[in-house]
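Have a look at the structure below, then the notes.
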Amino acid sequence: MAITSKGLSWLRTPAEEDAPPGVKELYAKANEKLGFIPNVLRVYALRPRHLELWNAFYDDLMRGESALTRVQREMIAVVVSTANRCHYCMVSHSAYLRKLTGDPVLVEQLRTNYKYAEIDPRERAMLDFAVKLTEQSAGCTEADVEALREAGWADEDILDIAEVAAMFNFTNRLASGLGWVPNDEFVKLGFDETG
Amino acid sequence: MAITSKGLSWLRTPAEEDAPPGVKELYAKANEKLGFIPNVLRVYALRPRHLELWNAFYDDLMRGESALTRVQREMIAVVVSTANRCHYCMVSHSAYLRKLTGDPVLVEQLRTNYKYAEIDPRERAMLDFAVKLTEQSAGCTEADVEALREAGWADEDILDIAEVAAMFNFTNRLASGLGWVPNDEFVKLGFDETG
Amino acid sequence: MAITSKGLSWLRTPAEEDAPPGVKELYAKANEKLGFIPNVLRVYALRPRHLELWNAFYDDLMRGESALTRVQREMIAVVVSTANRCHYCMVSHSAYLRKLTGDPVLVEQLRTNYKYAEIDPRERAMLDFAVKLTEQSAGCTEADVEALREAGWADEDILDIAEVAAMFNFTNRLASGLGWVPNDEFVKLGFDETG
Amino acid sequence: MAITSKGLSWLRTPAEEDAPPGVKELYAKANEKLGFIPNVLRVYALRPRHLELWNAFYDDLMRGESALTRVQREMIAVVVSTANRCHYCMVSHSAYLRKLTGDPVLVEQLRTNYKYAEIDPRERAMLDFAVKLTEQSAGCTEADVEALREAGWADEDILDIAEVAAMFNFTNRLASGLGWVPNDEFVKLGFDETG
Amino acid sequence: MAITSKGLSWLRTPAEEDAPPGVKELYAKANEKLGFIPNVLRVYALRPRHLELWNAFYDDLMRGESALTRVQREMIAVVVSTANRCHYCMVSHSAYLRKLTGDPVLVEQLRTNYKYAEIDPRERAMLDFAVKLTEQSAGCTEADVEALREAGWADEDILDIAEVAAMFNFTNRLASGLGWVPNDEFVKLGFDETG
Amino acid sequence: MAITSKGLSWLRTPAEEDAPPGVKELYAKANEKLGFIPNVLRVYALRPRHLELWNAFYDDLMRGESALTRVQREMIAVVVSTANRCHYCMVSHSAYLRKLTGDPVLVEQLRTNYKYAEIDPRERAMLDFAVKLTEQSAGCTEADVEALREAGWADEDILDIAEVAAMFNFTNRLASGLGWVPNDEFVKLGFDETG
């Protein structure tokens, strides 16, 4: 039995026209930026108020003011989603990161085994922490936080790293638990930018 | 080496008086309701904007309109935090659930092995899903969602269950990854209400 | 389906009056000390000779002459039972340890994530070993024993630590494998003693 | 670094002549039966009172009155010790079971993958339960006990099966945690009896 | 510390001109077909005789006569390499499968969570078996083989499925254990063929 | 249900007389050396061309020119097969190693917990790497390879170690996935050579 049955999710997906104004605005913005509406916005619209509140928080974590660059935040997204083997988020955030960096080779490294990526020690420490937080959070100790400080991250930055990693532990579970299917458009996104 | 070093977290905790007005309001509300300020609000104040946005979303999930009762949402909180062995959230949400139910025996069952709890089949299906989402999200299938429908949950409710379970996968990781220490007050909370 | 079906165990529980004299004596002693008969003594009475021989050994390990204090032995009981997620033993030994120490906060730390407990290095080494013995005994090496010696334990004490940890690996399996249900009385036990 | 350093254990082993009379009696009996003293009796003699109490209990479980045959109890010993990868107990109890059955092929099956053993359905149910108890006791349910009843075991027998399996979870941890080395004599024991 | 240090492997890579004639022939053939020499042929040339014998076997498994199509064999390659998180083989065999199928969406499904792939039941059974063989071979039973027969595979085909899955358990271990780095060319390979 | 149903495998085993000449030659050679035909050669003959190509590669790895001795290669075979709990390969390669070394005590150590074996540091490093490659290949790093160099192995030897370990990850999966049953003759093989 295939895991998906044509739909975008194992739950009912509301029709676009039934969305409340706040959600329709999210659709318009996404469409303008990407040329399509990411399926997450359609399937999560089953609970429009939750979608809007989640999106406000998510958007600030991923695009708001922070010592972490946009690229670094998407690196965490890809690496955490890979650790959780989340189909939707691996496909979509690999695309976002290819688009941001123009570096599909880097993205292939991050989404198979991030230890092969040629990144700087600060970023390596950041990803090591994100993965430990994901896979064995109860085993984290003060030494893990200390390693981030030694790599050059301030306390505020460490909280941001933890929040972004924790956020994908949230979204990965919605996507994997409810069978969310990514847009086909993501698959080829971000290859043209290179070279 | 002890995991905690006196503080409330492995990161710096901002002084109460330095909090912006929105955060101070959260402190006041919590203090009024509980008689103390839960440490999560102090340690997360290192990034006040994130705290406010997270709290708006969290509060709606846990207290907003939903087919899930307040008690059911706290049951998920306890069971997910137990699966993740999260010290802060096990201690605090056990307290909240004792307070809500006046039933410390039930809480003991949920926070050791929820299969011993004498709950109805709808709630059992809800908790089975929350735990699978937590421990092996990539292994979830449409059959898991179907089991919730058969237990009587509508699609909107299933999304709510998934969101609450996913939310504690978010907070558990912040708490365990950053060494958050719960208030001692939680430990005895909710025992007096019984009988 | 609830894991328990009213009874105290998934096996038949013998009537109190059918117990042989040696077992009745255990009931009387326990009743005198606690004000009730712990269910373990009722359900294990299905094989009275085994119960008596086990109890003789168990009682000497937990209360006999040793360099380990009563409290330290109960700390191992709580931490091992938590690692094994044993409902009966977590509930009952948390109660015993609250009663012995008058410190419910400590017990909450030990039964969620013992690394948060503020205990001395000798006790930390003792618990680290008890958990490793429980979760990955085949991975133990001479270095683990050496760490206990360095923390100040003599060889006889190390054997005692190993025996108490191993004993709860015995009882946890009986309790979890046979569905033993703890007395409700345990849940509130040991809170009054504090302060 | 080799795991063993010549000795029989990572702890000090008391000299034979220093053993109290009760322990010396155990040595004499074992020597008479096997032609040598199993090292467990030497290394455990560091705490002679514990050794005697443990041995009284162990001996009754393994040789006392029960619906389980001697062979069935040793089958559990081999299968549980294999699941725990316990060097001492795999070597010694494989020898005992070869001696009892004269069937080294059966023993090879039990100590690699017991599913290859050609045993009757009652014994298969017994071993399935022993392994589940060993590897995931917190996941046991009433259905596991029911499967044993359906295979023909009475409640008393199920308790015996659980106790024998739990006992090797006790001894495996002492042996693996303290580096016990089995007597070389065990290795060839029980091959001559066959055919 | 980055996992790779510029080179193609953690071991010394022999110069192309030092390769014996049989290996040079492999280089020429690969170059003709792909336009580049896959790094596996360079790094494995440290033991040229092994490389030639391995390649003869591998080539027959992957391209020789079989009831499995070329595409099906590459599907197993991708899914097994994903289960083992093998960087080199995920990158290279995703490329081969995109090239063969012209279907990058299918490849994205297979290399994140193959349950999302819309494939026929025979192929699903084939992949289920390949993954079980990879992740828990000791847990395989006759029922797993029976499920393949029921899906329509003959005994010879089942052996082929097992061999291809086992082969990638071989190559994944060489690549991951010795730090093999895939050619950058693989990353964009097979996207142009689509549409 | 027993895992085996009389046969040598869960798949059909071809009759000896139906084997092509190349396979019959393998039978003759094995028979001459051992006095019987190992079942692997019978069950794998379902795909005779694969059997011959595999055997050519396998034979060179295990008996061809290498800095690893025959004994060291069989040590890897036993330790990897133990880590994978492969019934066929544990039984057969324990026998081969007993025959080669005349040391059944060593073989017992290697097939229960190789850390108890009294071997030299080079061999210990070799086995540590073989087990890591088997159990967590994606976690291997350049430091693991460096540890082998420090123990005295050249790069060519490290490739040989990895290949032999990877080969048993191949054969273990065929044997465990297809239910191969070892010849009874293996069980007693290699005990007489001792002393």
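Observations on the model:
Labels A, B, C, D, E and F are assigned to the chains in the order they are written; within every chain, residues are numbered from 1.
The working rule: a contact is a pair of C-beta atoms (placed from the backbone, for glycine too) under 8 Å apart; a residue touches a chain by one contact, two chains touch by 3 or more.
Just so we're clear, the structure is a prediction, and the values are computed from it rather than from any experiment.
Number of steps on the shortest path from subunit A to subunit D, with steps defined by chain touch: 3.
Looking at subunit C and subunit F, the chains in contact with each of them are D. Chain centres here are C-alpha means, and the one lying farthest from subunit D is A. The two sequence copies subunit A and subunit E touch through a face in which the numbers common to both exceed half of the numbers used overall. The mean-CA centres of subunit E and subunit F are about 23 angstrom from one another, to the nearest whole unit. In this assembly, the C-alpha centroid of subunit D lies 28 Å from the C-alpha centroid of subunit F. Remark: subunit B and subunit E have CA centroids separated by 44 Å (rounded to whole angstrom).
Each of the following residues of subunit E touches two or more other chains: 1, 3-4, 85-86, 113, 115, 138, 141, 176. Taken pairwise by the contact criterion, the protein chains form one closed cycle in which every chain touches exactly two others.
Following neighbours round the ring, subunit A first and subunit B right after, the list reads A, B, C, D, F, E. On the subunit F side of its complex with subunit D, the touching residues are 1-4, 85-87, 90-91, 104-105, 108-109, 112-113, 115-119, 124, 176, 181, 184, 187-188, 191, 194. On subunit E, the positions that touch subunit F within their shared complex are 1, 3-5, 10-12, 44, 46-47, 49-50, 53-54, 56-57, 60-61, 64-65, 84-86, 129, 132-134, 137-138, 140-142, 144-145, 155-156, 158-160, 162-163, 165-167, 169-174, 176-179.
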